[in-house]
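As written, the chains take the letters A, B and C, and residue 1 is the first residue of each chain.
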Amino acid sequence: MLIEALTLQLGYNATLVTIGATLLGLTAGAVGTFLYVGKRALVSDAISHATLPGIGLAFIAMVMLGGDGRALPGLLIGSALSAWVGLLCVSWLTYRTRLTEDAAIGAVLSVFFGAGIVLLTVIQSMRAGRQAGLEDFLLGSTAGMLWNDAVILAVGGAIVLGLVLLLHRPMALVAFDPDYATATGTDVRRTELAMMGLALAITVVGLKVVGLILIVALLIIPAVAARFWSDRVERVVLIAGGIGGVSGYAGAAVSASAPDLPTGPIIVLMAFGIFALSLLFAPDRGVLAVFLRHRRFQARVHVRQGLLALAQGQPIYERLTLRLMRRAGLIRADGVATETGKAQAARALLDERRWEILRADSRHEWAAARYDGLTPLERVLTPDQLVELDRSLRPEGV
Amino acid sequence: MTLSRRHLLKLSAALPLAAAAPAFAATDKLSVVATTGMIADAAMIVGGDLVEVQTLMGPGVDPHAYRQTRTDIVAMNRADLVLWHGLYLEAQMEELLLELAEKKPVVAVGEAVPQDKLIAHEDYDGRFDPHVWMVPALWGDVVRGVQAAMTEVAPDQAEMFEANATAYIAEIERLGAYTKDALTTVPTEARVLLTAHDAFGYFGSDYGFEVMGIQGISTESEAGLDRIAELVDLLVERDIGAVFVETSVSDRNIKALIEGAAAKGHDVKIGGELYSDAMGEPGTYEGTYLGMIDHNVTTIAGALGGNVPSGGMDGKLSAGG
Amino acid sequence: MNVTLAADHGVLTPVEARADAPLAVRGLTVSYGEKPAVFSVDATFEPGAMTAIVGPNGAGKSTLLKAALGIVTPLSGQITCFGQPMSKARARVAYVPQRASVDWDFPTHVIDVVTMGLYRQLGLLGRLKARQVTEAMDCLARVGMDGFADRQIGQLSGGQQQRVFLARALAQKADLYLLDEPFAGVDAATEKAIIAVLHEVKRQGKTVVAVHHDLATVPEYFDRVLMINTNVIAEGTVADAFTEANLHKAYGGRLATAQMRVAG
């Protein structure tokens, strides 16, 4: 069942949802990266919660005008408008009052969401019929995904991706160094609004698939996971998009393969799973890699110190040092140095002496800055520089 | 006559007593609050001029999801009698109603149906399918329950209630006969009823229909994609021509089902809109219990290939249902 | 005609700004809330000179630079850059901000920071050509950081970060360099390297203006000085304006002064 789900053979509805969820994950991951590196992740939470009153008001407006209260484009426009108002409120509160951004976000989030819930309660007793279904926007509801919904998602997603491509340089610059951005002529205020506007677009487009409560997860988790794989923002954006897309795809497929599995939460769980794997196992930056690197470094330091002690005839006290040196074949079981050990100890001592001289010589300031107790000087200087330096070691040789 | 101070004092002592006199000294009608429209309908007919009935859930309202408002609570507190359905239909209000039952007459009239006639819930022990109004015979039991509740609160009117109830049940029985006749005209292989949620279980068991809903017995359960796929396969396999939307439930899932079947080359139409958990607009025929069931039966039979008068049992259905 | 302030007279004579000065401000007032950080400042920065902006903490030195660049909005005043409003002259101005104002966890390599200086040329979508990457690497080499091109910026020391910022400014090939406390918190080797690059830039005829915190090195590094404490205390060559009297005026009693070499 799962295999069929993953290869899109479970029928029209499941395929539609899977493709839609993949597109959503892809665009959310890309946009979310800029929110994350710009430290604006929580603003997206305010945006998503601020959509609720707009949905309610749009419903009421459409019913009053005699139409079908649940026409999706109308509801989405309503949600976008109220989310935009919420965003402006956060912006205004932060820039014009003494409130910090997180306080502003908390205020807007709760007030708008509360207003939305009140509206939903009012709507439920409206004599307008057919109102059930608005609460689906809270956690998403993919069983009822129609062709038109998928089209909206695809078009919206494509527009957002296009804008991300167009604006990635100013957005990255503003997130990194806003003062420099202003100085070089970037309109910081407009770029930030654009960034938040993209987040708003993704939120609105993703309401049906994952719902407003979970959309923030789809924006942030792929970006955070991607951060473990690259140190360059363009790559992070691409990887985050990929992770988001995979989460959308796998999550939708899994939720379609068994009864009673809600799509939105499963997608988020997939994203989290990828994040956990990245956190633990990403090369260079994952917890495991850092741990191993640290152990290796610690071993090198111990061995170096042990060799120096050996070369200077001092006893080695630390058990870890002795164990490591024994394992490297530098000392015998009884603590006496082996031939290899003696040779390496002599080299270590020579290296240490060379560094001493170099660091005292003002002509070699650049090189001196690279002293870290471990790197041999041969790697830093050229051979002729080394020869010249060695002459100072043997004063009689000049 | 001038008011001496002693008279004034006596008068002022009597005022609080006057104010504390029972509320229905002002009007002598029994004030009844009913949760669903169907119960309110029954209450109005059984009680006649002796009752004033207020409904909490109007047309198009989903009782599985309905949460009471402050106004509702005030109304229920002021009423002489509160009638609700029970059988876990008003799931969100259950706690409040049970609490209220300790202070005043609160009766779950749906539970007047004997248990052996109820369909047990598939997944939950001790729970039953609450949609008993779909079958007129069962609803007759509920009407008797309403009568009993009213008699309890206003025993001196017992005769009136008995007469009204009996007359009404005769109408309901006539509706039951019409239902049976109408549905037997549907060809056997077409007797599949697919709706947005499992509201028609009793309908199925009593009239030999196979009944399926996208969502479960309660609309609070989310429909899974898996279920949609399952139903699409069924639609195609059994060559079913019509599915039905409901007035109190979103029609998105049904539309998705239709698209799914279309992708497999099978053309399914919406056979009509059914009143599943709520009646039609008040003031119309469909806004009464009789009209609601009449409409449902006529629409279903008509859409599935049966032979029924388009005006329903008495020709009272509005065109297009 | 540039008339320098006769600081000892205690009278401020208004300065007539040269029309095409690299940077000139007139009547500049900037306040945060109700408290003025910079009040009615008139200053003209000479082309081809290295000018230090000095003053006690909170004197408005950074604010002055930021207002000139449009990073903060002034309450009043006129700012011209090469005779034009700043918005038109941005291509000729390079800014080196304070290190503290940047997010060092940001995922970007050293070389990426330098190529940010080329964004104006590249526009939104232009691809980075090999020639431009080489230019960026050259700028890194001038500050001695070419070996670090692929490092994530958070891995650098303070001095190294400062040098990368300078490389970014060099990549812009600007005519005017505005630096905000370029020597704050850097090691001696970095300081020497930075001042060497700045003097080289000056030799090419460019203008350098730097907010500077270390009074002891003003005479050695700079030719001109602007001394402010919310308003202008003195402006002119180091010899003329960097006097003990002026320093007392600017710093009040807070001068912990002994080792400074001051003119007159």
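In the analysis below, contacts are C-beta pairs under 8 Å (C-beta built on N, C-alpha and C of every residue); 3 or more make two chains touch, one makes a residue touch a chain.
Note that the coordinates shown come from a computational prediction; the quantities given were computed from them, not determined experimentally.
Engineer: What chain sits nearest the middle when you go by CA atom centres?
Structural biologist: It is chain A that sits nearest the middle.
Engineer: From the centre of subunit C, which other chain's Cα mean sits the farthest off?
Structural biologist: Most distant chain from subunit C: B.
Engineer: Please work out which of A-B and A-C is bridged by more C-beta pairs in contact, and write that pair.
Structural biologist: Here the pair linked by more C-beta pairs in contact is A-B.
Engineer: When the centre of a chain is set as the mean of its C-alpha atoms, what distance in Å lies between subunit B and subunit C?
Structural biologist: 78
Engineer: With chain centres defined as C-alpha means, what is the inter-centre distance between subunit A and subunit B in Å?
Structural biologist: A distance of 52 Å separates the two centres.
Engineer: Between subunit A and subunit C, what distance separates the C-alpha centroids? Give it in angstrom.
Structural biologist: Distance between chain centres: 35 Å.
Engineer: Can you tell me which positions in subunit A touch subunit B when the two form their complex?
Structural biologist: 10-14, 16-17, 70, 121, 124-125, 127-133, 135-136, 139, 141-147, 252, 255-263
Engineer: Applying the document's contact rule, which stretches of subunit C touch subunit A when the two form their complex?
Structural biologist: Touching subunit A from subunit C are residues 66, 69-71, 87, 90, 93, 95, 97, 101-103, 106-109, 112, 116-117, 119-120, 122, 124-125, 144, 152, 168, 172, 178, 189, 192.
Engineer: Quick one: which bits of subunit B touch subunit A in the complex? Just the residue numbers, please.
Structural biologist: Touching subunit A: residues 57-62, 65-67, 69, 214, 219, 221-229, 232-233, 247-253, 255-257, 259-260, 262-264, 278, 281 of subunit B.
Engineer: What does subunit A use to touch subunit C in their complex?
Structural biologist: 37, 39, 165-167, 169-170, 172-173, 175-180, 182-185, 227, 230-233, 235-236, 365-366, 368-369
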